[in-house]
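These notes concern the structure reproduced below.
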Amino acid sequence: MKLKFAPKEERFFELFDNAAKNVAKGADLLVDLVKNHDRAEELSNEIEQVEHEGDITTHEIADRLNRTFITPFDHEDIHDLAGRLDDILDNIEATADRMYLYEAGEPSPEMVNLAEVLADATKVVVRAVHGLKDMKSARRILDYCIEIHRLENIGDEQSRRALAKLFKGPDALHALKWKEIYDHVEEAIDLCEDVASIVESIVVKHT
Amino acid sequence: MKLKFAPKEERFFELFDNAAKNVAKGADLLVDLVKNHDRAEELSNEIEQVEHEGDITTHEIADRLNRTFITPFDHEDIHDLAGRLDDILDNIEATADRMYLYEAGEPSPEMVNLAEVLADATKVVVRAVHGLKDMKSARRILDYCIEIHRLENIGDEQSRRALAKLFKGPDALHALKWKEIYDHVEEAIDLCEDVASIVESIVVKHT
Amino acid sequence: MKLKFAPKEERFFELFDNAAKNVAKGADLLVDLVKNHDRAEELSNEIEQVEHEGDITTHEIADRLNRTFITPFDHEDIHDLAGRLDDILDNIEATADRMYLYEAGEPSPEMVNLAEVLADATKVVVRAVHGLKDMKSARRILDYCIEIHRLENIGDEQSRRALAKLFKGPDALHALKWKEIYDHVEEAIDLCEDVASIVESIVVKHT
């Protein structure tokens, strides 16, 4: 079904598009950061900037939600979707921050892989969220969601192996630091899956 | 009150019985595994097999839920109950997997105790879930739930002491590994308590 | 709007006042404990006592909730508010307990700061919860909530830095122990923010 949206509703889609694209931008910067440890400071600052922009979009969505009675989908779904997108970016920012703060040293190949899985997942999140504007393409939106679940499984497997390698030692403090950092990337990937679940439930309600 | 269930509704009870029994089977295998470290590989594989069977049951419950309008209790409760049972088994499987993956060595007596508390709790979960079919026995179902809460308290106390012993050292990497493993058993026990809470709320609504 | 409350409803406000004051009392004792490590045993016991008193209040709220149809605000909000207040105290008690159980030694200046932020936040929680009785002062209640969010941000920043210092080593087991302890204080502070969110949503619904 092709829904006709009023201008006020159109604005929600624009904001969600921006929020999702911003998340993907943050994830790309994180990949750059873990691959270019010498540019850590510059890239961390860029991630922080992207995170601030994300906050502004999240607040605009929340404001509009409070002032708008008729919204393109349930108030609660809009609230949750905006919240989860914001949480992904918070975890991306925390990942970058902890690497710097703990003086954790050169990222491992496992860390690079994890960041790349996250970046891939956020790119599919952009497509899934964009798809919500046109429920005619419900099948395609759900396919994006399946792809996000697939990437989350890959991320799970990779962080499982990354942790195993870390725990082999010999440096327990190094293991402690990187466990914290891996946890933030893994949380960001899990949150992409939460976004997929919210998108799925919106699609199911509207088709 | 004795409710009369239609055949479609009967099938939900069968599926929940299977799901709960499967969880208890997984917990028993975990007890075997922590007591017989030399058979770790064989028993881990069996747990993985049980976890796959659990997934199939969970999916059948979800499928039926989507296709059935009249269900023996709220859609949301069915969804949550199936989800939590599945989560218990995931954590049992993760416990076994991490012991192997981290090459964590011989399980401590504390680990054996924790696995036994979990196995005890899952046996009561089987009874509580089975009880849902006949609300006449509401009092007995609630007693099972109280027993699960009691076991969770014991588990809490045991993991608290297990962690204290672990942190005495001297091996920090060993502590890191086993903390992760203990966390999965503890989470499985906590999830038994979540199941008890869902069962309680179903009973309260139907009596 | 000034609501007129029936005597039964008045009792809910009294109980919430008690619950919140009890939380603040627990937090003050934790500050004493981290500043006076030599009186650890005595102060730990006092915290445990306060936690027991909190449990009694929580149970009375739950009992009244089950027996009362008309409540000053939504059943779910009352349930959540009582639960979160109880959780704060549980985490305060766990913090004290783990310091003792892990033989973690003298608390760091960072730990003292964190406990003080928590104590400050609980004092504002007392005011915010007390405010619920008189919605005429909605603006002031919301200001208390903003103050709690501000304190949570400070706590976040402090625990971030506390962890960074801890991970510098040299003692990995020491880091493991204190990370667990810091996590409980941080969780207690986060829960103050959850209380603020519940209070905010109650105020929004009633003004």
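Each chain gets a letter, A, B and C, in the order it is written, and its residues are counted from 1.
The criterion applied here is as follows: contacts are C-beta pairs under 8 Å (C-beta built on N, C-alpha and C of every residue); 3 or more make two chains touch, one makes a residue touch a chain.
Remember, it's a predicted structure, so these values are computed and weren't measured experimentally.
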Same-site or different-site touching of subunit B by its copy subunit C, using the half cut: different
Turn needed to bring subunit A onto subunit B - CA fit, degrees, nearest 5: 120
Where subunit B and subunit C are represented by their mean Cα positions, the distance between them in whole Å: 30
Set of subunit A residues in contact with two or more other chains: 172-173, 176
Of subunit C, residues touching subunit B in the complex: 97, 101-103, 172-173, 176-177, 180
Residues on subunit B engaged by subunit C in the complex (per definition of touch): 160-161, 163-164, 167-170, 172-173, 175-176, 179
